[in-house]
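Going in written order, the chains are labelled A, B and C, and every chain counts its residues from 1.
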Amino acid sequence: MKMRKVKRYKYQKLQMRLAAVFLIPWVIGLILFNLYPIFSTIYYSFTEYNLMKAPDFIGFDNYIEIFHDPIFYQSVYNSFYFVIVGVTLQIGLSVFSAVLLNMKIPGRGFFRTVFYLPSLVPPVASSLIWMWLLNPQYGLVNSFLKLIHLPQPLWLSSSEWSKPAVILMTLWCVGNTIIVYLAGIGNISGEYYEAVELDGGSSWAKFRFITWPMLSDITFFQVINGIIVGFNTFTQSYMVAASSPKSNGTLGGIKNSLMFYAVNIYNESFKYLKFGYSSALAVIMLIGMIVITFVLFKISNSGGNDR
Amino acid sequence: MKMLKKAISIAMAACLMFSITGCGSKENSENTETGTESDAAATPGGTSASAENGKKTVINFWHTWSGSEADALQAVIDDYNNSQSDVQVEVLASQTEDKMLTAIPSGDGPDIVYTADTTCSKWADAGMLAPIDDYIAGKGIDVSNIYESVYKLGNYDGVQYGMPYTMDSYMLFYNKAVLEELKAESPKTLEEMADISKKAVLKDDSGDYTRLGYVPDYPWIDRVEMPYLFGAEFYDFGTNQVTCTSQEFKDAISYKALYYTDYGIDAVTKFKSGFGTYASSDNPFFQGKVVFAIEGEWFENFIDQYAPDGFEWGAVEVPVTENKPELAGSGRLQGGMLSISATSKNAEKAFEVVNYLTSDEAYIKFCAAKGSLPTTYSALKSEELVSQAPQLKGFIDSVLAEKAKAFPAVPFSSEYSDGQGLAEEAIYSGDKTVDEALQDLYDELQPLADKWVNGN
Amino acid sequence: MSKRKIKFYLRYIPLLILGAFYFIPFLWLISTSLKGSDQIFSHPPKWIPNPVLFGNYKESFEAIPYLKYLLNTIKTTSLAVLGNVISAPMIGYAFGKLKWPGRDKVFLIVMATMMLPFTVTMIPLYSLFSKIGWINTYVPLFLPDFLGKAYFIFLMRQFYLSLPEELLEAARIDGASELWIYLKVAVPLVKPAIVTVALFSFVWSWTDFMGPLIYLTKSEKWTISLGLSQFTNSYGVDWALLMAASAIAIIPMVILFFFLQKYFMEGSINSGIKG
């Protein structure tokens, strides 16, 4: 008995040694790509800095300026709009698609492929494809709307429709989420559904009382992921601006309706050279993300008690 | 034991990969400094001359042109590279200003940059550019030979950062066949142009426009051009005031707004979304979709290349508002600058290149090939240029009249342009009145101006 | 009988509608990429190009150095894949199977870094790399992969956790070294997960945009996404060429997908499980 204990201890020591070796790259990465940038961002946020001249300490001036900057508020609004509407629709569409793909009917393998394929398209390419599909004059979408006598919005050229248009672009690429939900649905035991059937429940009841609650862990994960991705939306705005005529295209799109938070950070740093100011924006974003994640964890934990 | 051996070999292979990739990147950064074979080969359009001699100083020159315009520059650069054995100029074409901006601080960027006039002061303010006063004096360059108003744009806080290289002047191009069809003369005033535009409108069955007279913000210069055509200014250096709330400025924006509000902003936006590529036969002017276009000296080259056979066109001086005929010829003058990057390790030799490019022979060769206006009087007035590029005649006369104006050299030019764009969008869509929008613009920009003035 | 049949077919309707939403953009992409400009700007839209202009593909290859961008992308992507395939199984093993004090608490840090957006760290990293002279090299693009990406560490850890402890214990009792156990027992068992990591890092690296946009200033170093984005930068948009260029950027992914479909699906499935 005593012998064995000693041996175990030896195992652990060896394991710790290997773990130490294996963790070296991670620790370097943690310092270089996470800790160093976070602290530097915080430091820069109190300075005026443009890469060329040494950072000049200016206290809270950047933060004060941010809270007087209408573009900051607009970018916050745009990002929240995008995240709230976008993530809701993404989750809804993914769950709906997954339920459909879960039906045991011929040809579902084909449909799975088709539903997944768009998520492999580089965002730059998918933005271009949708910009062309949504072209107000020659786009396929408006031609279709015209055919069925619906109003044809100007999409990316209109401040009301540009965000829905970008959300539509992201809805096209939900393949990964669909597959995750599909796996989740596959793991739900058939017995639960039988119980509902015995009670005479409809398909909707099965979804409402079995499928959806059983998927809540996945949904939680996907919501957090969606929020992070959503607040970092950049490529679409960049592409829309890049395709508008020379120098008239600001990164924010028409009436700054596509000035998302990450776009604003890029714009302030790489176009206006205000790295200190944009660092302050980044710090606010970091705090915001921490708060949002924390609140979501709290909500999900209290919700978890119901089950 | 065998297993362990294998494990070690795997680990070693991994290390090897690390070192290979590490070396690869190191090698690359060295290349850019000394300019060895691979770098020259990788440069689009670069000559292979550098491969012969690794000792040459490599000067990196980044510019924003592409296609035939880039070829025109490459031709004179090749001449320079062949003319001496000390310096090898490597050109990178079709760069964007964002790219240059991020490359300069990295130290592995350009030595010479070609940028728009509005950029020069902004970058000088940021410390991105090297002062060139000493080099100009050292070379004994006669500054009075340089077109003054454009030369001034390269000056920031009394220090010269940019050597003018191009200068764009604009004319109103019109579709002759359409004007004949409408029985109209080419417009003498902006108001006349608005009237003709009204008559030129064509729609299809579903009520979408298929032809408009003048389309604002197409191709792109209206933001600066229109205020000048009404006698407005952007900035007053005497009082350090942003002047976007002047009556002239308001008139200009109101005039431009009519092209949206009279025709319906949604309908015009939809119409514009169907425009094809500018540098192609899909250009809406060549397609007959627009009747008027304010274009620069390069446009005749474009017409030769892209317009359909038998395309009839004319060009006149850009008209001004009828109330102020004395403004005639006072449109926008846009300059392009050659500057030396602040991180250049060979600034002096880089200036040699700049000096060569602006010397008469090379300058005229370039301008004739590109269809561009030189910024030295000796080149502007040379008969050589006009005989090689006769289409430039009208533009040369127009710049020699010295009435056109350039956007002021302020360091917040990007903010000004973006802010003006947003203000105009708010006006066209009816969110704000002209007065409100321009007042808001002033409130946004004036603090930047104050900061600039007080900061120095 | 017939009512049942109708019901059977009715189930396809929503599938077909959504399928159209996902698939028609691809058809339209191909159709546009083969058209001339007179057909692109036409009402109502024409599906079948006439004439079929395969030349658009050739032209888009010539308009920008596409082959070069393709090679560059293959370079960055393969380095990124290599990095993740080495680092993620190692680090994941340290968190999933090796025992050391405070392990699960430290793992929370891994999870936290997963939530740290690039936008927040972008500026200091840019500034740092610019001082080191790594701008215009691929180092900033693949180095994070060699140092372990949180998402893949998480994925590997989940896999290791599902391995029965007895297998490793048996090897330990036989006196095998820890490194041997890792390489000979653990790694072979998580091979499918490693393939998934490889695939996902391939897709991410191939489609990455903001990294190359910031770090690669010289066009000779550009990746395909960056090249594609700069295609529009000059005056206006040539839709046929753009669509042809987009198709070229997409095709490698689609080919890969058809060969390795199973692993894509498995990877997505495993990534959805809460840690």
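Miscellaneous remarks
Quick note on the criterion: a residue touches a chain if its C-beta (ideal position, glycine included) is under 8 Å from a C-beta of that chain, and two chains touch if they have at least 3 such contacts.
Just so we're clear, the structure is a prediction, and the values are computed from it rather than from any experiment.
Considering every other chain in turn, the ones in contact with both chain A and chain B prove to be C.
Relative to chain C, the most remote chain by averaged C-alpha coordinates is B. Between B-C and A-C, more C-beta contact pairs are found at A-C.
Once the centre of each chain is set as its mean CA position, chain B and chain C turn out to be 37 Å apart.
As a whole-number value, the distance joining the C-alpha centres of chain A and chain C reads 15 Å. The set of chain C residues touching two or more other chains comprises 40-41, 43, 126-127, 130, 146, 177, 179, 214, 230, 233-237. Counting only residues that touch two or more partner chains, chain B has 102, 105, 219, 274, 278. Within chain A, the positions touching two or more other chains are listed as 51, 137-138, 245-246, 270. On the side of chain A, the complex with chain C involves touching residues 11-12, 14-20, 22-23, 25-26, 28-30, 32-34, 36-38, 40-41, 44, 51, 96-97, 100-101, 103, 105, 111-118, 120-125, 128-133, 137-138, 140, 143, 147, 172, 175-176, 179-184, 217-218, 220-222, 224, 228, 231-232, 234-235, 238-239, 242-243, 245-246, 261-262, 265-266, 269-270, 275, 278-279, 282-283, 285-286, 289, 293. The touching residues of chain B, when paired with chain C in their complex, are 3-4, 6-7, 10, 14, 17-18, 21, 24-25, 28-29, 32, 42-44, 66, 92-96, 99-100, 102-103, 105-109, 204, 219, 274-282.
Taken in their complex, chain A has these residues touching chain B: 50-53, 135-138, 146, 154, 157-159, 245-248, 250, 252, 254-256, 270-273.
Those residues of chain C lying in contact with chain A across their complex are 8, 11-12, 14-15, 18-19, 21-26, 28-29, 32, 40-45, 87, 90-91, 93-94, 98-100, 103, 109-110, 113, 115-128, 130, 143-144, 146-148, 153, 172, 177-179, 182, 203, 206-207, 209-210, 213-214, 224-226, 228-230, 232-237, 239, 242-243, 246, 249-250, 253-254, 257, 261, 264-265, 268-269, 271-274. Partner chain B is touched in their complex by these residues of chain C: 37, 40-41, 43, 65, 79, 82, 86, 126-127, 129-130, 133-139, 142, 146, 177, 179-180, 183-184, 214, 217-220, 230, 233-238.
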